[in-house]
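Dropping a structure here in structure tokens format, bear with me for questions.
Chain naming follows the written order as A, B, C and D, and within any one chain the residues start at number 1.
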Amino acid sequence: MHTVMGLINLEHEHDFSNQLTGSRCGAAIPFGGRYRLIDFTLSNMAKSNINEVAIFTRSKYRSLLDHLGSGADWDLDRRQGGLFILPPDWNDPHDISQGDLKHFHNNQDYFERSSAEYVLVSGSQFITNTVYHDFFQHHLDTNADVTLLTTTYDELLPEHKQCMKACVDEDGTVYSVKQDSTCKHIFSGVYLIRKSLLLELVEECIANYKNHFFLDGVIANSDRLNIQAYNYQGDSSIINSVESYYRQNMALLDRQSYKQLFEKNNPVLTKVGNQAPTKYSESSIVNRSIVATGCVIDGQVENSVLFRGVHVSEGAVIKDSIIMQRCVIEPGAYLENVIIDKDVTITKDQVLKGAKEHPFIIAKREKV
Amino acid sequence: MHTVMGLINLEHEHDFSNQLTGSRCGAAIPFGGRYRLIDFTLSNMAKSNINEVAIFTRSKYRSLLDHLGSGADWDLDRRQGGLFILPPDWNDPHDISQGDLKHFHNNQDYFERSSAEYVLVSGSQFITNTVYHDFFQHHLDTNADVTLLTTTYDELLPEHKQCMKACVDEDGTVYSVKQDSTCKHIFSGVYLIRKSLLLELVEECIANYKNHFFLDGVIANSDRLNIQAYNYQGDSSIINSVESYYRQNMALLDRQSYKQLFEKNNPVLTKVGNQAPTKYSESSIVNRSIVATGCVIDGQVENSVLFRGVHVSEGAVIKDSIIMQRCVIEPGAYLENVIIDKDVTITKDQVLKGAKEHPFIIAKREKV
Amino acid sequence: MKKECVTMLLAGGAGTRLGALTKNLAKPAVPFGGRYRIIDFALSNCLHSRMHTVGVLTQYSPLILHKHIGVGKPWDLDQKEDGLTILSPYTVTNGGNWYLGTADSITKNINYIEQYDPEHLIVISGDHIYHMDYDKLLQHHKQKEAEATISVLEVPWEETSRFGILNTTDNLRIYDFEEKPVNAKSNLASMGIYVFNWKTLRNYLEEDAKSSTSSHDFGKDIIPTMLADNCRLFAYRFEGYWKDVGTIESYWEAHMDLLKEEQPFSLDSDSWRTYSHDSNLAPQLIEETATINRSLVNNGCIIAGKLDHSILFENVEVEKDSIINQSIIHPGARIGKNVELERVIVQENVTIPDHTKIIAQQDEEPIVLSHTVGQKDADAAISHTIQ
Amino acid sequence: MKKECVTMLLAGGAGTRLGALTKNLAKPAVPFGGRYRIIDFALSNCLHSRMHTVGVLTQYSPLILHKHIGVGKPWDLDQKEDGLTILSPYTVTNGGNWYLGTADSITKNINYIEQYDPEHLIVISGDHIYHMDYDKLLQHHKQKEAEATISVLEVPWEETSRFGILNTTDNLRIYDFEEKPVNAKSNLASMGIYVFNWKTLRNYLEEDAKSSTSSHDFGKDIIPTMLADNCRLFAYRFEGYWKDVGTIESYWEAHMDLLKEEQPFSLDSDSWRTYSHDSNLAPQLIEETATINRSLVNNGCIIAGKLDHSILFENVEVEKDSIINQSIIHPGARIGKNVELERVIVQENVTIPDHTKIIAQQDEEPIVLSHTVGQKDADAAISHTIQ
């Protein structure tokens, strides 16, 4: 795969529009006890030997910068290649590009500098643990111009509604992409394209005042491009709303799902925290939960996900909840169906209860 | 010095306002054959064992990001501390701060996370090669709240006019800062302040709708703060205009000045390029010039500064000029008093001539 | 490039008293505290003390140790100008030389040290569990204008016969050094941590290298010679937790110390974090059937059984109806169903099959399980138990 | 973590034929080409070939070599999951063992290799100057379904007696191997670069280790045994520049090759850059009085004299009225005024005083200056000159 470069394009990605994304983009939302959504895509790329990855981001990227740093935790701090977070600092007075084409136009040097032949484009909301070798091979085998990574789900969930669906004929060729629930192939947002073709289509889009590279540059040209679908069989999920976010966190409490996403020989890479092992005291009662390192558990935790460094005091009860980094739950507090963002303190005897289908969210750094 | 953190504040720094700063900030202008202006300040900090450095930047910071990368070349890619380039990605709806206070307000966590007691603040236009140990000791010895690094020049040059001057009484106390040429102490832009005091003054400034931390927060409080001047004796220069930029490049052609700025036991750190040694052919004639690695010299070069990877063809003549990275000077071209930005091609037999006091500038990537 | 101070970390010891724990592993690489290896404490001390130029002397079974240290990233020692250098034995034109004693290993790396032209040399060992700011030791050394300073710890009088004991004046100047004295005159024990003026030490090392009777050891040879020469030797009093986990018993005890209500030593101090390699495993999964009492559990563990006063390293799985009591489970171990372990140390990647019961009595040394336990081994082990 | 391929870089050689150049320096650490050390070429080849798991075997005088390699940053080998590991000799429970031959150094590091469970092992040496994509070699090996593949180079027929010569079928299958044959049947010489199926090689290494008569060398022992066993051995034809700079003469020649109009080997290829350590020195300063003809000059040099067909490493100063002709000047050398050097190699940090004249005749071996030249030495050296 050393002839492939990575691009994580966050420009057209749905924002969750709630307290979790007040100061961070969706890609930076904490997930699964120690990760952020973007870790899954980034790990998949890194483990597929993609050594150069760019991230197109327009706003609220500060926490991404913090989280990703130099890329060292993904082995992406390289002299050749590496990780490039590309915020919108554009100063070309002749620039007429729009939408995500603005990113492509202003970061053209990133593509030109690389010796890679192909570009693997992705968003951050398709959650799976994989390497892209088979996908890449499929692209070569079918002689495709563009290959979309698609998947199918037994049950259509609310989060799948807003996904693009690929309409595919018998031999796997994509003839259009629609919001059409009769199409079974859900587009993951991941696609592969030759770099030279990408640059050509970018130029064409800009000249024609287009603003969405994938729709206007790729799909609109399905008559003249060979667009293939690669149907991915692995376990995956899509997280693009609070509801799907909450449900997918909870799904990990099942040992099978946990083992599938966090395969031990193929770990998901994330920022290293160097926390001590989690400490359980005599008074702790913990069942069916995911607990990160650095926690101190003196209270009761059930059906919940605890991020790093959470302190649960004696007599506190946490049920069906997600508690992010460094929260302090004081004695006697009772939490059910809540999502507590980073650095929150829940004071003594406080009771907070949301609904499963509508969890109660507390924004970061609050004291409630 | 491990109790000091660094801050390079580019917010109120003069832009050169010309072709060299069309798409880069002043701090990113190439200088001296392989450096950028910011390298001098950043190296001085790194060599003073300051392990965490933040850079406040508002716009045109893309080439800074490219140049500095993870900070590895300054040994600043650290788990504890490190290099933080902080572009303006601010999403606090309650933010009322203005000017550079906006940076301080939105990056407060950078200061809070650090265990350092002091902050060394600097711009990028004071060019010298030093370590700050004596400066720091002076701050401690005089029990100062704030210490300004000042210097004096035998001859007052145009670039010194726009510098702030510190008005200092006999015992070294600064009682005001002015645009007053009777004050001999030119303020270098470098000052040292206790972190807790800085944060206190920041809060005060914001509450009072101020917009310039140094003037409104520090100098305006000179009645109640102990502000000291530390008069720096080392060789230095100030680059804040095309004229001073050109003159200071040329000054390095003198062996004494060259040896002073590029002291071998104390090298100025910059991005590593991995170019081969420069190759001179039989037809080369080179005198009184600075030449970086990776050049191929077949023509004539005199009184000039050549950056990395410049190709001077046979029969080309370069005099009193600055030629930046990867330029190609074709046969028979004649250049005098010009500044050629990166990736420019000067075509066959082209003649370009500027004036010493007003060099001719060619913007990057042009073909002339 | 000149450095004021170079640190030499002795990590070549075989740690033979740790038995099976160090069979194919240098002692500094033995796992400790649920996620660390012993050397992490010394390396993290270097980071917190801002000792950035560190030579690590290795010799015995260094593969895992080298892999763990890697390029020194977790401790910010992967720098260009100084950072961490692994110093293994090497050959020169007239043949090769192994390290013979602690002092000899420094002597053989004089060239490494000289390139930094240091004023001071700190010698530490990678064998101990403690938090220490070496910079304070160095400042003390400079303030006393000492030629050598030895870090010391007050030990209980009844244990003085196990240590090298220093006798000092009120001013902390050392006038006498006794190795394992029967009737100690002081209870200040050497921790094997030294600061030397490099030029002085260099002379003593070179003299010592010529001696055919010397064992080339700091405690046995260099320090006594310096004392005899009336050098300015001072003690530096260290206060805090310090444990030489040199035997199976003390290794197990140090772990139980981590679980005490009033912790004598804390792994989760925010101001003195211990850094280590991270395997990027997922957070631990605690299942419906789990019960956990006073235990430490690391990433990647899946717990369906009962833990009591135990320490689980990463990637351990404990199936249901099993009870792990006062035990230490190294990375990757698999504990089947209905297993009972008490005072047991399970080594890396060992599998304990269903229905196994292994108990070490309170007055016995804890049992170390080094290989996957078949039914036969389990039966044999049961002879150790109170059943 | 499993890797398809592990690379072992042999860097333990003493390079005795290089005389003064390798007196206190492993051969792979000898400066080359104005800014590199010899090993940079092999390490940069690894980077360009995407061979990210590299064990570097060192033994002889490794201090400068280790410092140069450092954490492998210049070659992107400072990674967590694989990257570069320096493998020096070490002790095990039953004592210590030096590396005895090329094959033995691999045998002693079987544990290192096994942790990656590789299909293939590439063995290269850190002694040669060349650009090579090892991945192409590996692909060739896989395509031929070989058990071992040897990279070969066509050498002039008159030189075949200096090399290990392979005889192959048209299909490149090797059926015969002759060490330095008098009457060679082929002119395909082994470059000492091998790919093996790891499991096969492992067996041969273990067998070889038991033999008391073996010299434990790939060329002398392992390959002949595999051939005798009728293993599938193939040749891979390398085309391009390849130079073993094993003698002073060939070292000097290889440098002169860099200056030729039609360069047989280019240091400044954008697509195959050679990476190295960078000392952050300033760009070179060419003074008013300088004249430079067909020369390579690196950072930090200050040139006031005349250079002709010469190569200057970093931080060299040449004062005025001096003439440097067909010479190689290592880092930090100082050449005084009115000096004349011809066919001379000046070693690191050597100072040549004013008015010195040292010339090696065209039919002589170039002169190596290892110490600062006093007037006496200069007089002695003059006996070499045509004066």
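Everything that follows uses one rule, which is that a residue touches a chain if its C-beta (ideal position, glycine included) is under 8 Å from a C-beta of that chain, and two chains touch if they have at least 3 such contacts.
Everything numeric here is computed off the predicted structure, so don't read it as measured data.
Interface comparison, A-D versus A-C: the higher number of contacting C-beta pairs is recorded for A-C.
Put simply, the chain farthest from chain D by mean CA position is A. With centres defined as mean CA coordinates, chain B is found 38 Å away from chain A. Centre to centre, using the average C-alpha position, chain A and chain D are separated by 46 Å. Shared interface positions of chain B, i.e. residues touching 2 or more other chains, are given as 72, 79, 272, 274. In chain D, the residues that reach two or more other chains under the touch definition are 73-74, 80, 275. Across the interface of their complex, chain C is touched by residues 14, 23, 58-63, 66-67, 70-73, 78, 80, 83-86, 88-93, 96, 98, 111-112, 115 of chain D.
Residue ranges of chain C in contact with chain B, taken from their complex: 1, 47, 50, 73-74, 76, 79-81, 271, 275. Against chain C, the residues of chain B that register as touching in their complex are 2, 49, 72-73, 75, 78-80, 115, 265. Listed in rising order, the residues of chain B touching chain A in the complex are 22-23, 59-62, 69-72, 77, 79, 82, 87, 89, 91-92, 272, 274.
Residues of chain A touching chain C in their complex: 32-34, 72, 252-253, 255, 258, 261-262, 264, 267-270, 272-282, 284-294, 296-297, 301, 305-307.
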